[in-house]
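Following are the structures in question.
You will see two complexes here that share chain A, one where it goes with chain B and one where it goes with chain C.
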Partner chain A sequence: MALKIFALDPPSTPPKWWWWLFVGASAVILLLMPEYLELYVIIDLTSYFIFALLALSMSFLWGYCGILSFGQTAFFGLGGYGYTVLALNTGDTTGSIFFALALPMLFSAIVGYFMIYGRISDIYLSVITLVVTLILEKGIRATSGDQYVIGSVRLNGQNGIPTVPSLKIPWDTSVEFSFEGFFQLAVVLMVLVYVGLRMLLLTKYGRVLVSIRENERRTELLGYDSRKYKLSAFVLAGGIAGLSGALFAIWGPLAHPQMFGLGRAADVIIWVLVGGKATLIGPIAGAIGIEYLKLWLGTQGVGQVPFFLGLVLMLFVLLFQQGALPSAGMVLAYAQQKLRRR
Partner chain B sequence: MDQVAIYAYQIGFSFGLFILVSLGLAVIFGMMRVINLAQGEFLMLGAYFCTIITQAGVSLWIAIFLSGLAVGLFGILVERAIIQFLYGRIVDTLLATWGLSLFLVGGITWVFGPQTESISSPLGNIPVGDYSVSQYSLVMIAFAIALLVGTYCLWRFTRFGLVVRGTMQNANVSASLGINTSLIYMLTFGFGSMLTGIAGAVLVPVIGAYPTLGVGYIAKAFITVISGGQMALLGTISAAGLFGTIDGIVAYIGSSVIGEMSVLFVAIILLRLLPLGITGKFKRGV
Partner chain C sequence: MAVDDIILETRSLVKRFGGVRAIAGVDFKLARGELRCLIGPNGAGKSTFFKMLTAQLRPTSGRIIFDGTDITRAEAHQISRLGIGIKNQVPDVYDGLSVHENLWLAARFRHDSRYARQAVDAALARLELGDISAKLVGELAHGQRQWVEFGMIMALEPEIVLLDEPTAGMSVEETNRTADLIHELNRTTTIIVVEHDMQFIRQIATQVTVFHQGQILAEDTMENIQRNQIVRDIYLGASGRA
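Showing the complex of A and B:
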């Protein structure tokens, strides 16, 4: 059963009772964690859960709509910078979080309109989002001079903005979130987005998205305007990535050009691929697992983490297409079948 | 008058740069439909080979050809080890080559460190009125044009080129005519890699060699080839001409970042209007 939860949870069927139990229990356990764990572990875990949000946006877009967008990191970075610049200018952190959702959504709507309504093929879309990301990073890195100011905030180019304001509690703006509170916020958002996407994929809208992934032309012949569906999914995923970016900037506290970078983009792909893109829970596990692996490689004094990430990526593409958890599930199911036959 | 000459030089230089960095990709992606994200790292490898060979005391011109050869062989190795299993699975190719790209950047940083290895530019400057123009840039433009013409002639006028074009258009028919398509794919990939290696080596005296060199040029290369469209070489020339002009002028007036951004902007608009690229209306060919 546990295996089923991880590997073979088909997201277009309504979840069984044990799924609700699993999600509820995990949420409770995660929310209670700050009581029992050291502060530095909590702080590390917070960043993993923030990354899990980014991984969710990617797996929704790639695994369920068939759009492989490298632009998720662009929206991640935009969310981070959007929050930082607005919060520093106005001091209203709650409003800035919503701005960090809206700005990437607007940007993804514009870029997505040109790509999706231009009907360029999926693979070109991947490459163009990659190019957009690269150029945004270059652009942000070039803003080091005094003349690059938004409101009262200097963009600082290469160095990023280190003075990201912490999040304040919406109903009492004099109190900031504690580390534990911020951890719990990240957990709540991750679980909400996970359950929300899972439910969304059950609706008619979600089913149309999956059918576009399976066969776009056939879906169009059935009378659905696939462009509308793809664009809206692209924008939604952009918003989730932006939220993740804002939280990451707060966590830092740093809004840095690296948030847009190719390294981060590679991370997202690897999380989702390793976790298994045909599930929503897999990428969450992938994000946490790979980030932990990177941390561990770092503490082992291995200088070149990309070297190993590259190996992992090649290995998974060539040998374990489905991702780690589903592959393990398939191997186990195969073994079970063999045993039964005897 | 000098101003005009400088603008012409800027545009020519941009055009040459666009051609150099995207020609190998035009073969590998434009003709073979293999999205090779490690293309930038092939460029970087060419740069490193060239640096090592010249530091061993060999003249730059020989080093350029040797590095082209070395990267070509490396490309063949990559094709046999990774790409040959992934033909037709475009997204998987893209991911695997990205893995390769990270692997190479990490590996090279490990071996050589993150600093820039540079060699001196071999030729002097020519004065143009109040300005001066580096002679080596002119050599670079010449290299770009020579590679372009050479590749065109190879595809158009040799038996090998005919076989390659046939295989890329329809591998099954070519195979049934007795052509070893697997070998042709391997050689074409190797040829594309060689072009990229030469480009990397030619760029070394201007930009030096450093591990993340490829990242800076991969965007340029991909937008050029994608905007070029169906006809790999002709499309690349026209896209490089368009983008080179824009980049040359804007970068001269503003900064190189603004130049690159305006190129991207134009490319996205262009693809909205002509989703199949500039040569999208033509049949597939060279």
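Showing the complex of A and C:
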């Protein structure tokens, strides 16, 4: 069964015309949304699209390279704090965004180097990344004292940093992004990263990554240095998670230790599993769907949101192991087959 | 035999597992273009030897020299870059990818993308896998999966090919075809085959090396090996007479 699913979305085949049409039309519709929707809806949606970036970093790594990093939140949080601290110190928000990409990438390169070149097994990689993000959370939580200052910025421990500067327009730094503009920026980045990863998987680099997921030893026996491929993918995913973290801190506006926390780390796994980890579009849908479900459950006065999320996860793990979108795709393909036979 | 004809050589190769000496000082030489079979009873050390030649195990001591390069401590991916193609006993393929993608990954390592596509088409034709090139390898029959792996190794255009029990689990017909493939490969490359199946060895072998208790017991043509009384006693036994 698992084999069938990978066949549905073979990474080596270029997308058909309808894929471009779908992506283009979706992007246009999303960009026009602020014209028609209430501001509070737009603000909620912005956070979903930011989470979708984080989900993409996870599905690229897990679904295509076979690396389950339980701690993508480590890079998410570092991106958030990196942006906040630098932007508060320098006032240069564009530069700080690039810093929020670079810092998690550097960090993931160091952590990844020891894990991947040390050839630890996949399960330990998952455990270590989870522990790393929890250590960062504890570490940041312990910085409430006024001796924990970077430049002129107090880290504030448990309370986080609530004064995250809004993003300014790169070519005119006197103007800040409006809520609508920031929404559109999130849409553009999400679409760019989605299309970019899809294209990357068409290249030799992407196809070798998939082969490592399938059978790492064979890839090595063919002559590819799998460690190089895995480490670079890990760093790339770290950068995407960092970008997502910076945007989330701006959206808050809050850089908070919870960005590193177990709850958020588990959310990422749930988005990707529910959406379908062997696709890139699935986790986007998963992030948006699950976050919307959480919000909706909250407004219905259901106190036990995590309990319901757990139920959803169990439902998917037991019944729709491939995730929502691939399962729907299979149902469609089956129906099509039946219709043709008639 | 001239010295520069040697493509693969081991010098007093030793592998210990705890107190056990699985390989106890093997000096092995292989000439370019040769087709050599390694045989021996279970536990004789031929699989351990194979794994060391292919960098899947590190020797305890001794050296392995391939074409003038010391590969004793090489990594698996470096082995292939030097021109060594490896086929393990269990088909080592990408079950979740198509036949075409399997071959492409091998061909693309050696060639630019244009020539890689031609190499894949050539391999598909040669192995008669053209009709099923879009199928996932995991859905194929055992013999076909083995050939996909042969195809991948051919696409790498190696100088030497190491095969560990290439006919394990194959039908008679499939075994015959595999023997043909090996002969065809041997026209351009040097080959080492580790095998159990005596019938198959008779089909393909010119030179045979017999392992026993971690050492080389004998090295000769298959006819002479079959006549060798010591070899018969320790290894061939019942199956040798059959």
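Just so it is clear, the second predicted complex is superposed on the first by the 321 of 342 C-alpha atoms of A that agree within 3 Å, B and C clash if a C-alpha of one lies under 4 Å from a C-alpha of the other, contacts with A are read in each partner's own complex, and residues count from 1 in each chain.
Keep this in mind: a residue touches a chain if its C-beta (ideal position, glycine included) is under 8 Å from a C-beta of that chain, and two chains touch if they have at least 3 such contacts.
Just so we're clear, the structure is a prediction, and the values are computed from it rather than from any experiment.
Enquirer: For A:114, is the partner it touches chain B (first), chain C (second), both, or none of the two (neither)?
Expert: First partner only.
Enquirer: For A:268, is the partner it touches chain B (first), chain C (second), both, or none of the two (neither)?
Expert: In the superposition, A:268 contacts neither chain B nor chain C.
Enquirer: What is the contact status of A:124 with respect to chain B (first) and chain C (second): first, second, both, or neither?
Expert: first
Enquirer: Counting only touches as set out at the top, which of chain B and chain C does A:204 meet: first, second, both, neither?
Expert: After superposition on chain A, A:204 lies in contact with chain C alone.
Enquirer: In this superposition, which partner touches a larger number of chain A residues, chain B or chain C?
Expert: B
Enquirer: So, A:226: does it touch chain B (first), chain C (second), both, or neither?
Expert: second
Enquirer: After the superposition on A, what does A:218 contact: first (chain B), second (chain C), both or neither?
Expert: Once the two structures are laid over each other on A, A:218 reaches chain C alone.
Enquirer: Is A:189 touching anything from chain B or chain C once the two structures are fitted on A? First, second, both or neither.
Expert: After superposing on A, A:189 lies clear of both chain B and chain C.
Enquirer: Show which residues of chain B lie in contact with chain A when the two form their complex.
Expert: Going by the criterion above, the answer is residues 35, 37, 82, 85-86, 90-92, 94-96, 98-107, 109-110, 215, 218-219, 222-223, 226, 255, 257, 260-261, 264, 267-269, 271-273, 275.
Enquirer: Where on chain C does chain A make contact in their complex?
Expert: Chain C reaches chain A through residues 54, 75-77, 79-81, 86, 92-98, 101, 104-106, 108-109, 113, 136, 138-139, 152, 156.
Enquirer: Which of the residues in chain A come into contact with chain C in the complex?
Expert: Per the stated touch rule, the residues are 2-3, 6-7, 10, 12, 204, 207-208, 210-211, 213-215, 217-226.
Enquirer: Mind listing the chain A positions that touch chain B in their complex?
Expert: So the residues of chain A touching chain B come out as 68, 111, 114-115, 117-120, 122-124, 126-128, 130-132, 134-135, 138-139, 142, 262, 266, 269, 273, 303-315, 317-318, 321.
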